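Here the structure is laid out as structure tokens; the discussion comes afterwards.
For clarity, chains are labelled A, B, C and D in written order, and residue numbers in each chain start from 1.
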Amino acid sequence: MQSATWLVQLVDEPINMAGLLSQIDNPDVGAHAWFIGVTRRRTAGEITQTLFYDAHRSMAQAELERLASAASSRFGLRHLVIVHRLGEVPIGQASVVVGCSSPHRAAAIDALPWIMDELKKNVPIWKREHFVDGKTEWVHPK
Amino acid sequence: MQSATWLVQLVDEPINMAGLLSQIDNPDVGAHAWFIGVTRRRTAGEITQTLFYDAHRSMAQAELERLASAASSRFGLRHLVIVHRLGEVPIGQASVVVGCSSPHRAAAIDALPWIMDELKKNVPIWKREHFVDGKTEWVHPK
Amino acid sequence: MRINVLLFAAARDAVDSDEVEVEVADNATAADVLAAVGELSPAMQALVPYCRLAIDSRYADASASVVGAKELALIPPVSGG
Amino acid sequence: MRINVLLFAAARDAVDSDEVEVEVADNATAADVLAAVGELSPAMQALVPYCRLAIDSRYADASASVVGAKELALIPPVSGG
């Protein structure tokens, strides 16, 4: 079993995606996969003006570290990056970036939805939607 | 049905991944997903020195365009980028980059392996492996 | 004993505060703390069944003891990503 | 008629050339062209069963006519990505 490394960050500024790309480089991987969640203008017919994310920061960091460790083992990842932005995330900007690398293609791609599902279940981060009509609401998971 | 756009390129230099990121931006997408195939040092116990890619260029371009169109319809993608590098692709560098965006997460992520499977079946590009022991061989698909 | 519980998101809005103090038994469990927080207001009562308690930044089982905890946090349904 | 067929990868190596000329009937199909290319050498004979013919940059069915084609290409098993 090869050793894995991961990087987990909570940031208050725009996520510098280009700067993250080389974090998962390794001569023994053949596949890099990235997922980027961005603020979308339209949700179920309503027009979003902007989103805010709040968190229990120290716990969110700890939960993300546990998630990174679990995902690395489960999928045999060589490197893994998870960055979540907090505060306001305007339309078109990234709230979350997950990137990982592995020797073969399937592991890196399959890891993305699993990590996102776990993140959405267990990491103490909350999204507040601000609609153009002035209404605001905490988003409830399905 | 919203209109989709795609960008298909065959290039002879290193792929500028950072420069591609914004190609799939759109205020009505919530998800970007990227797959990057890179040259790996180790394949089935043998040590690769470098890889070369050859192509029927005009046909490869046409097949990739058809693939981009089919994938956009099938997954409801808003934007799609497929870039394949030809010639030598040293270890750790990208031979292929696929990126796409869609309103929801599943479509963008699910499109990646489908596109890669189709690309590996039908696009006239060939990989020649050069091993450190001096042996070279055209890679045969499984 | 009197203990502090950190609040987030809709729970914070429900009492307009990022922390509350509640009274619980000296051998209280996570379930006891959730029950005591629920008593604070009707809005909180409605929300607590959907919340988890975190003890020192880890989700706690209902039966986990809160004795000696450095930090307690009420975690409403999360929605990151 | 005599027609040219573009070669790639292992097929090019098999005859050390990126193009070959073969003789086929005036109403030849893709299958006829593949058969004619297979006659060029034992190595080519071994390879052709795994190849597809492309007519004007599109994969052709075995029964497709090559009459009037601007370009014929022998496509060995591909390995991009």
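In this text, a contact is a pair of C-beta atoms (placed from the backbone, for glycine too) under 8 Å apart; a residue touches a chain by one contact, two chains touch by 3 or more.
If you're wondering where the values come from, they're calculated on a predicted model, not measured in any experiment.
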Path length in steps (a step moves to a chain that is touched) from subunit B to subunit C = 2
Could you state the distance in Å from the CA-based centre of subunit C to that of subunit D?
-> 73
When centres are defined as mean Cα positions, the distance from subunit B to subunit D in whole Å is 26
Distance from the mean Cα position of subunit B to that of subunit A, given in whole angstrom | 23
Subunit B: which residues touch two or more other chains?
-> 37, 116
Mind pulling the residue numbers of subunit D that touch at least two other chains?
-> none
Those chain pairs meeting the touch criterion are A-B, A-C, B-D
Per the touch rule above, subunit D residues touching subunit B in the complex are 6, 8-10, 13, 54, 57-59, 73, 75-81
Interfacial residue positions of subunit B with respect to subunit A in the complex = 17-18, 21, 25-42, 91-92, 94, 103, 105-106, 108-109, 112-113, 116
Touching residues on subunit B, where the partner in the complex is subunit D | 37, 53-56, 58-60, 62, 84, 95-96, 116, 119-128, 138-141
